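Pasting the structures in now, so scroll down.
One chain, chain A, links the two complexes that follow: it is found with chain B in the first and with chain C in the second.
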Partner chain A sequence: MLTDLLPRLARHAPVPVCLARGLAATGVTTRLRADPDVRLVASPRQATVLVIAGAVPRAARDAVLRVHDQVPAPRGVAVVGDQSLVEWLDLGDVPVLPADDPVPGLRRLHEQLLAGAGGSPSRGPADNPVEWSGVGPHGQGGEGMMGGKPYGRPMAMPPQEGRDGLALDRLPLVFGPFLPALPAAVQLEVGLQGDVLEEVRVVPLDLDAGVVGSSRPLSSAAGRYLAAVAELCAVAGLDALACRAARVALDPAPEALADLRRRLRRRGGLRQATDGVGRLPDGRDATDRWHRWLDLAAAAAAGEHAGHDRVDPRELGPALVGLELGHALVTLSSLRLELEDAVAAPLGAGA
Partner chain B sequence: MIEVAGAAHPLVAAVVVSAVLGVGAYAVAALETGIGARVAGHPLGVTASLRAPLAQAALLLARPAVVTERPDGPLWVLAPALYAALAATALSVLPLATDFAVADVRTGIVVFGSAEVLAMVAVYLHGWAPNSPLPLVGAYRFIASGCSFLLLSMFVLIAAALPAESMSFGRIMASQQEGLWNVLRQPLGLPLFAVVALGVSFFGPLDFSDGHELAGGTAAEVSGPPALAWGWARRAMLATYAIASAVVFLAGPSGPWLPGPLWLALKALAIAAALVWLRHTVGRVQIDRFVLVAWTVLLPLAFLHLAIAGVVTLA
Partner chain C sequence: MLSAFAAVVTAAAVVAATVAGIAVLRRQPDPSSAHWSTTLPVLGGSEPQVHAWNRFHARYYPMTLVLVAFEMEMMFMYPWAVVFAELGVKALVEMGVFLALLSLGVLYAWREGALRWQ
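Here is the complex of A and B:
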């Protein structure tokens, strides 16, 4: 009885989707963000369906499969655009959804899972690829509870002499390339002390081997700027405003755009998360950057085309040192268009 | 030890607390859906807003829980249970009708304060237990911000206790039946207590531990029923704070014509709706800026608030 009732009720919930986004995937991202029938989740653990979209660098194959396995089984997988991603990732029988209307296909997949379909099997090894080398029941592999590389992943270890006599530890980590707060095809390599970045490298994925999948950016320039604003809203915790921004991005009518600008520019809104964050040598902070996106969107909607600059991710590292991790991610999200265009430049593709 | 209504039978207490927390968390979730949809520009009807939390809960129950590599399993299970138990403890000292509280002890605000301080432990455990970096960073952030908002709570609650000449929430409610509501005679109290509510429930602008940019923070590795338990517990905590705010500043169940519990529910719903509206319209505050403002502006304001309340009470 209960086993019947749960799936019936669950079908009314929005489809929780984890998006593994390649380059030039703003069209799909924005359509999913704008649709109340879909919820773009922050972590693969919260998803039932993994969507792979855009032009995915071949260097990201293992990363895609890791995200795939992080979605709890039974999981649905869908590819947006063309069949090449399915063959490249050896995904078997997964649906290829149209880029301009992916939601009905996702809804079908979600309902099949709730009805008991098996979903996509795990792709990675069942065991950890590197042998366990920890010590004790919670052994982190080094001294006591600290340090070492259990399963090949380094753990925090205090330095010999901590400042102020305190033994502070630094944790080396790599985030991305599919962390939602990060621009596409970018990884963040950090040395983390607590939640503060001591060491940072923003690394674009290697595109020498090329990409797989099709580029489907939004057709309107105003839409692309507004789509970037929508993603920044989501990163700042404003998912409802992100949905509104995405809807305007799909149809940037002047009245809707003016209303969105008014809402976003309110003192207590998005600015709470971005004022003073990620100030770069050009003197602009994250707020200045999304204000500029809004201005560029308004100009583009009025038929004027003033482009934006590109920012080389490799030059950003020093500006992020000393920031709290969340601030660094907001900073990178506020440079989404500029970074993605710089990374995609060799392909001749834009966000 | 009993100040107003006496302690309820343990069975009655368990039923009442569970029911209030269950309905309260559900109401918060429904408000999140309804207000969120309005902000997003596709308003939902009342029925759809009320159905959405049920559908979401059913979806989470239908999904599997995941286990990370070498988690601290017992602590991972304990964290949401502890957090919900703390919400229940805080709720138990609040009057739910003019003549009923589960345990309206003379030291009510001490019990309430203890529960909110221990919430730090529950959230930290939830970030620590999965053995994963982003949840741990979320846990760090909650601890880093915790002292900044928890101190406000004590100043605000002690200020409310002064005119009541008691630390019992029942007496604090009764003192407003005889005079002005605290929202009028202590106007700084409610906004300062709202900051505490958002902080302890890590909700909206003060969601430092479970933010989207950290892929869900302490909840980045939970799915299925544990995700439902965690989401329910934090909404139950927010509901508890909405009820506490209604009791301390809006005279709780007091009011003409309607039954006391209905008055309390209406006042708590209004406060919860305001907090949910903030969640959808105010971006996540930067943690360092919040700590700075909390220590240099909010804490002095809270102390001034307490001093004025003391002077007014003595006069």
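Here is the complex of A and C:
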């Protein structure tokens, strides 16, 4: 039967994993990205398994549960690290996987789902909790069918229309803190006109209430820089290069590092996606920044320790105004280490 | 003549077999997959602040409705007027039914405030 054949084929495919990543989760992120048995996907809609890893800020509890619900049912859930995340999120009976070897547990979970296991139930409301609230007697719109608040979310009603009456409405959006393109514990608040950002705020999550979960960064400094390069490749849509960079991050030998640099600079490599993108007031673009990471990785692999600066996320907003959304995400991803270290500074931990 | 019917019957049989096959083979949908919280737009953990129609709202909609109600009816009325004398009461009834249906649209537009000067 066709319905039996599909799960059999799916069993041999890589496990599509959505990663909800807290602070200091580079170790598990890089292991998952480097493993051919796992495919880290960009959206929970593409995943069958949600992995929650790292030190998750307490302020992000609702956000984790939203991402959890957006993985289509039947969904598998696994936590990497310790039991505290399971209890805090009230996830019930979900496996806790070891940070240094999470893949076998994920495969087991994937196979259980394919065998018909029910998966983790949705946590959010089954129906929209807010009624349609138009002004009409039947809940329909407002002024001349143009107003109202469908399900509690207002329609755009600009106070003054353009002279041609065709003003494109500004779309306010908040991304994160679990968008793969964003550094951990950071939210991006934007106002979009078309795809162009007309207003940007990069907001670190409030860590005053503390974090839950264990933090396991990569042990080698070179590995951390290369893991950041791998994430930037993934954001640019270069999954094969991301996988290669992640493997080098786990074992940063000088020859492998030189080979990776050559591949990244090739035509069609990362350089093509980052040249001229996200040029900040210091004159550097995203390409300059990942080149700097490679230099620092090579220095760290040779036993020298140069270190990198921290970047306060609150100061980044004005520099991103006028960029397209995709370019802004590449820019933020090219500052991943600098931003995560600044955000995690109150905890005294690196990412 | 019979061969033409055979083609129609064959096509109908193929369609019926395909529909029946899909109905038998399909996996029962999981009701939890239609959960409201599962259908929210993916923003990496945040909720949308404005409605999804924000950028796609058809502001020309009241104008379109009024145009259909008051202008496009003439597309039918002109040819109707040409043959009205010839067809007599039958044509009168047909136009009555057409206008009755059209007036529902006008009433709807009126209720929604599309006729109010803004």
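In this section, the second predicted complex is superposed on the first by the 318 of 351 C-alpha atoms of A that agree within 3 Å, B and C clash if a C-alpha of one lies under 4 Å from a C-alpha of the other, contacts with A are read in each partner's own complex, and residues count from 1 in each chain.
Here is the rule we go by: a residue touches a chain if its C-beta (ideal position, glycine included) is under 8 Å from a C-beta of that chain, and two chains touch if they have at least 3 such contacts.
Since this is a predicted model, take the numbers as computed values, not measurements.
Once the two complexes are overlaid on the shared chain, A:Val311 sits clear of chain B and of chain C alike. Once chain A of one complex is fitted onto chain A of the other, the partner contacts of A:Leu173 extend to both chain B and chain C. Contact with chain C, but none with chain B, is seen for A:Ser122 once the two complexes are overlaid on the shared chain. Contacts of A:Gln272 after superposition on the shared chain: chain B is touched, whereas chain C is not. In the superposed model, A:Val64 makes contact with chain C only, not with chain B.
When both complexes are overlaid on chain A, the residue A:Val200 reaches neither chain B nor chain C.
By the touch criterion stated above, A:Leu19 is placed in contact with neither chain B nor chain C. Of the two partner chains, chain B and chain C are each touched by A:Ser43.
In the superposition on chain A, A:Leu257 makes contact with neither chain B nor chain C. Residues common to the contacts of chain A with chain B and with chain C across the two structures: 43, 45, 72-73, 128, 150-151, 171, 173, 179-180. Residues of chain A touching chain B in their complex: 5-13, 16, 36, 41-43, 45-46, 48, 72-73, 114, 128, 134, 138, 150-151, 171, 173, 179-181, 192, 194-195, 233-241, 243-244, 247, 266, 268-277, 324-327, 329-330, 333. Looking at the complex, you find that chain A touches chain C at residues 1-3, 20, 43-45, 60, 62-64, 66-67, 69-70, 72-74, 121-128, 136, 140-141, 143-146, 149-151, 153-156, 165, 168-169, 171-180, 182, 187.
Of all the residues in chain C, the ones that touch chain A in their complex are 25, 27, 30, 32-33, 35-38, 40, 42-51, 53-55, 57, 59, 61-62, 111-114, 116, 118. By the touch rule above, chain B contacts chain A in their complex via residues 35-37, 39-42, 51-52, 54-59, 61-66, 69-70, 72, 133-134, 137, 140-141, 144, 204-205, 207-208, 211-216, 219-224, 227, 279-289.
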